[in-house]
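Shared chain: chain A. Partners: chain B in the first complex, chain C in the second.
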Partner chain A sequence: MDTTTQIIISGLTLGAMYAISTVSLSLIWGALNVLNMAQGALLTLGGYAAYTASAALGLNAPLAILATVVAGGLFGIAMYALVVRHMLDREGFEVNVIIATIGIGMVLEAGLQKLYGAYPIRQPLTVEGGFFIGNVYVPFNSVIIVLTSAALMLALAAVLARTRMGRAIRAISQNRDAARLMGVPVELVYAQVFALAGGLSAASGIMLSTITTLAPTMGYDPMLKAFIICVVAGLGNVMGALYAAFLLGLFESTVQFALGVRFAFISMLLLVIIVLIWRPHGLFGRTRVTKL
Partner chain B sequence: MSAAQRNVVAGLVLLAIAIALPFVLPGRYVIGQLTLFFIWATVVTQWNLVFGVAGIFSLAQMAIFAFGGYATAMVGLYGGWNLWLALPVGALAAVVFSLVVGLACLRLKGPYVALLTLAIAQGMYLLIITDTACFTMEGVTCRNFTGGTRGLAKYGDFGFREWLGYSYMAFGDYYLALGVLVLATAFSMFLMFGPIGAAFQALRDSPEYAMARGVSRFKFQMLVFASSAFFTGLAGGVFAGYYKVMGANTLYLSPLLFLLAMMVVGGLGRTWGPLVGAAALMLADEALKDFPEYRFMGVGAALVLFVMLWPRGIVGAVEAIGQRLQKRRSEPGGTSIRQH
Partner chain C sequence: MTAPLLQLRGVEAGYGGQRVLRGISFDVPAGQVVTLIGPNGHGKTTLLRCVSGLVRLAAGEIRFAGEPISGGRAHRIVEKGVVHIPQGDLLFTDMSVYDNLMMGAYPNAAYAAAPQRLAEVFALLPRLQERRSQIVASLSGGERRMLAIGRGLMANGKLLLIDEPSLGLAPLVIDQIYEVIGNLKRHGMAILLVEENASRIIGVADHVHLLDDGKIVWNGTPAEMEANEDILTTYLGG
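So, the complex of A and B:
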């Protein structure tokens, strides 16, 4: 009983953290059909921005988080306006954007390392303490992560479903040319998507850094896991990404318990390969008829 | 002269220069850096076949390289084989590994392949550095099968020290790495200008017609993916014998991205792109030697700049200038047909 509780709690915490990253990757893929490989560096940026806002500038926690989300959003917009915008619709842009965002991630990561040093720093926003369910210790930090993540996902779902911007994003994901002909300002919506994804990733980065520590390379491993989850869900499917994130979070914590931490990543990898052999477009992906 | 003949002549001139260089150059450091350049250039020529020619966006190239290196080291260490015999075994092991990766990934489309291959490389890295189980005992200390975080060592070398003496042993590694690069380049040219290059050109120019004529993309992609792994694994084995330590640092992200930048800066899919790119990046890295914190940043900036401004790389940019000059010289309206 205690073991099951433990697995569920750590699985939910992992899932909540992955969910935000995965959803931001999916948003960008859904709207622009490109993959953002700078995601890991964006997570790192979020962690360090929150550290600066709360430790150096002395802001209180809500303001520090707000400032971090804004910083992530601005970085997302800058990425779109300075780099990605100029590559869309050119020959081979799918691959070129992947390479360019790898480059952006490298520059950002190296810049953060130059600013903050390579040594791990503790995230000051980490919440101490916890309570017991039976014999299982539940840190408040985990509870806050799950609740924040759920709130952010609900807010995002509301934005996508109800607002003008959300409708435009969904329209572009379904059919870009039709959306453009109906008068949707595609360029502006792309910038909004990058802002949303950047802000969400920064928030995810704060959560991540409260569990591990701040380090320049902290975003890489979670980014790969977010990729795996996206692939399992089917690229571009936002709701599917959400389910898959929690599913794989629970899977990871089960494997960690049953086989040891060592095999967590490799088991997730095997799982995704099996899923892809069975359903090449992911669990929730639509099978599309592709023209040659 | 045809394009293929021109390339062969250019290659022979470069080879003659490379053979003469160690006798002209001062110092062991330069020879060592050139040896490393040959090893990286070998890997990039093969990656260029996979990525630039066959159009597979694989990020598993360094994993294949490391697999070859580890296999060579393990055959030397646990099998007690001479490293010269272990080399081809390591290369074949890399081919088998690449076949497995290919079967898992190659039915998928572009970005999925990139994500999965990157994840496979990371999975391999994690399995190695978390390896703590004892495989053999070395006196009282226990040694892991993969060497864990310390890496594998004491698996022998190519014996250049005994053959050539202390002052010339660096020449041995130099010529071995050069030899592998020559073979790899010849192999990649054979593929690019032979039937396989033609098949991919057909698949690019008119996929419907090519497929209707029975050109299977999957079959040819598998073929290129597996065969390019041979030289990549061979380069890994040479690397292991040259450094005498094989560690998981070959699976870090930075060498992978360094090689990716070589390919992009040189020119994706171009015959001489890998060599030009490898030379450019090694020189730039050498120039930034005193500013180590900017090395990684510089590679990232190079990736962004080239993909945005010169997506065909240095070779593509030079070709474009050449074409413009040729057009100006020839009559107006006359077109020149060129193969790349």
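So, the complex of A and C:
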């Protein structure tokens, strides 16, 4: 019983963190058909930005979080406006964007290491304390992570479903030319997508840094897992990404308890292979038939 | 005398090195239905894509309501009131009928007037109201075409560019679509209509242009077209 509780709690916490990164990747893939390899660095940026805002600038927690999300959003916009925009619609742009965003990620990571040093720093926004369910200790921090992530995902789902901007994002990912004909300024919507993804990633980075520590490389592992989840869910499917993130979070924590931590990543990769053999477009993916 | 709503002067365009349009000039006056007919693959769709800003002109000029629009961005051209209803509908297939219609009202002015427009579109195309929360992928071909037209009307445009509205539909459904187009004409909408099947447009068109190999090779009224049978047999195979 306690084991099950423990698995569920740590699985939900992992899932909540993966969910945001996965959804960010999925948003960008869905709208622009490119992979953002700087996702990991965006998480790291979020962690350090929150640290700076609360420790160095002395902002209170809500303000520090807000400033971090804004910083992430602005970085996303800058990435789009300065780099990605100039590569789109040229031949081979998918690969070019992958390489360019790897570069952006490396520069960002090196910059953060130069500024803050390579040693792990404790995230001051971590919430202390916790409670017991049976014999299992549940940190408040985990509860906050799960609730915040769920709230952010619900908000994003509402934006995508009901607002003019959200509809335009979905429309572009389904048919870019048709969206142009409807009067959608596609480049502006792309910038909005990058801002959303950047802001969400920064928020996710704060959460991540509260359960690990701040380090320049802290974004790598969650980014890889977010890619895995994206592939399992079907690239570009935002809601599917959300379900898959929690499923894989639970899967990972189950494997960690049953077989040991070192088998978690391997078994996630195995799962991807199995899913892709069984459903090449992912669990929630659909083949898109474009009719002329 | 006021300038025609849409003016094309010496329009040339193509893809890569391939020139598809070689000097097209004609007008669409306000409130009229002007039709482009001609065999497939001779530039009709390209011409519409030029007007709506999806294809850049290599030469020539397009004016709308006296203002040059060629070279402008597609979303600006929609804002001015030129609405392109593309071939094959290009609907947002994973979205609901309602969401598709709301996408049609994306420009600021249209968005503000969306509730009234929605009521008007539902009055004109009642089938869409029945299906409003259904996902497009579950609609029939005729319903999709209706939705494409309805979505175009949501933009509150002054000129509709309609590309092959009869494509792939059963004769009975084609009749319904042309009934809707006739209705729009009676409401004073200017329409530039592309059609492969010349017999469909008689009764709705005010003027016909025959496009062959990137040039206008003949133009006249539908009555003149009917009287001039060899033109049709030469270019359209009867």
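Definition applied: the second predicted complex is superposed on the first by the 287 of 292 C-alpha atoms of A that agree within 3 Å, B and C clash if a C-alpha of one lies under 4 Å from a C-alpha of the other, contacts with A are read in each partner's own complex, and residues count from 1 in each chain.
Simple rule for what comes next: a residue touches a chain if its C-beta (ideal position, glycine included) is under 8 Å from a C-beta of that chain, and two chains touch if they have at least 3 such contacts.
Being a predicted model, the structure only gives us computed values, none of them experimental.
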Partner chain in contact with A:Leu181 - chain B first, chain C second, else both or neither: second
Larger contact residue set on chain A - chain B or chain C: B
Partner chain(s) touched by A:Met17 [first = chain B, second = chain C, both, neither]: neither
Partner chain in contact with A:Phe227 - chain B first, chain C second, else both or neither: first
Partner chain(s) touched by A:Arg262 [first = chain B, second = chain C, both, neither]: first
Partner chain in contact with A:Arg170 - chain B first, chain C second, else both or neither: second
Intersection of chain A interface sets (partners chain B, chain C): 292
Contacting residues of chain C [partner chain A, same complex]: 52-54, 73-75, 78-79, 83-84, 86-95, 99, 102-104, 106-107, 110-111, 151, 155
Interface residues, chain A side, partner chain C - complex: 164, 167-168, 170-171, 174-175, 177-186, 286, 291-292
Chain A partner contacts - residues on chain B that touch it in the complex: 57, 104, 107-108, 110-112, 114-116, 118-120, 122-123, 126-127, 130, 207-208, 211, 253, 257, 260, 264, 293-294, 296-297, 299-305, 307-308, 311
Contacting residues of chain A [partner chain B, same complex]: 29, 35, 83, 86-87, 90-92, 94-96, 98-100, 102-107, 109-111, 113-114, 220-221, 224, 227-228, 230-231, 235, 261-262, 265-266, 269, 272-273, 276-277, 280, 292
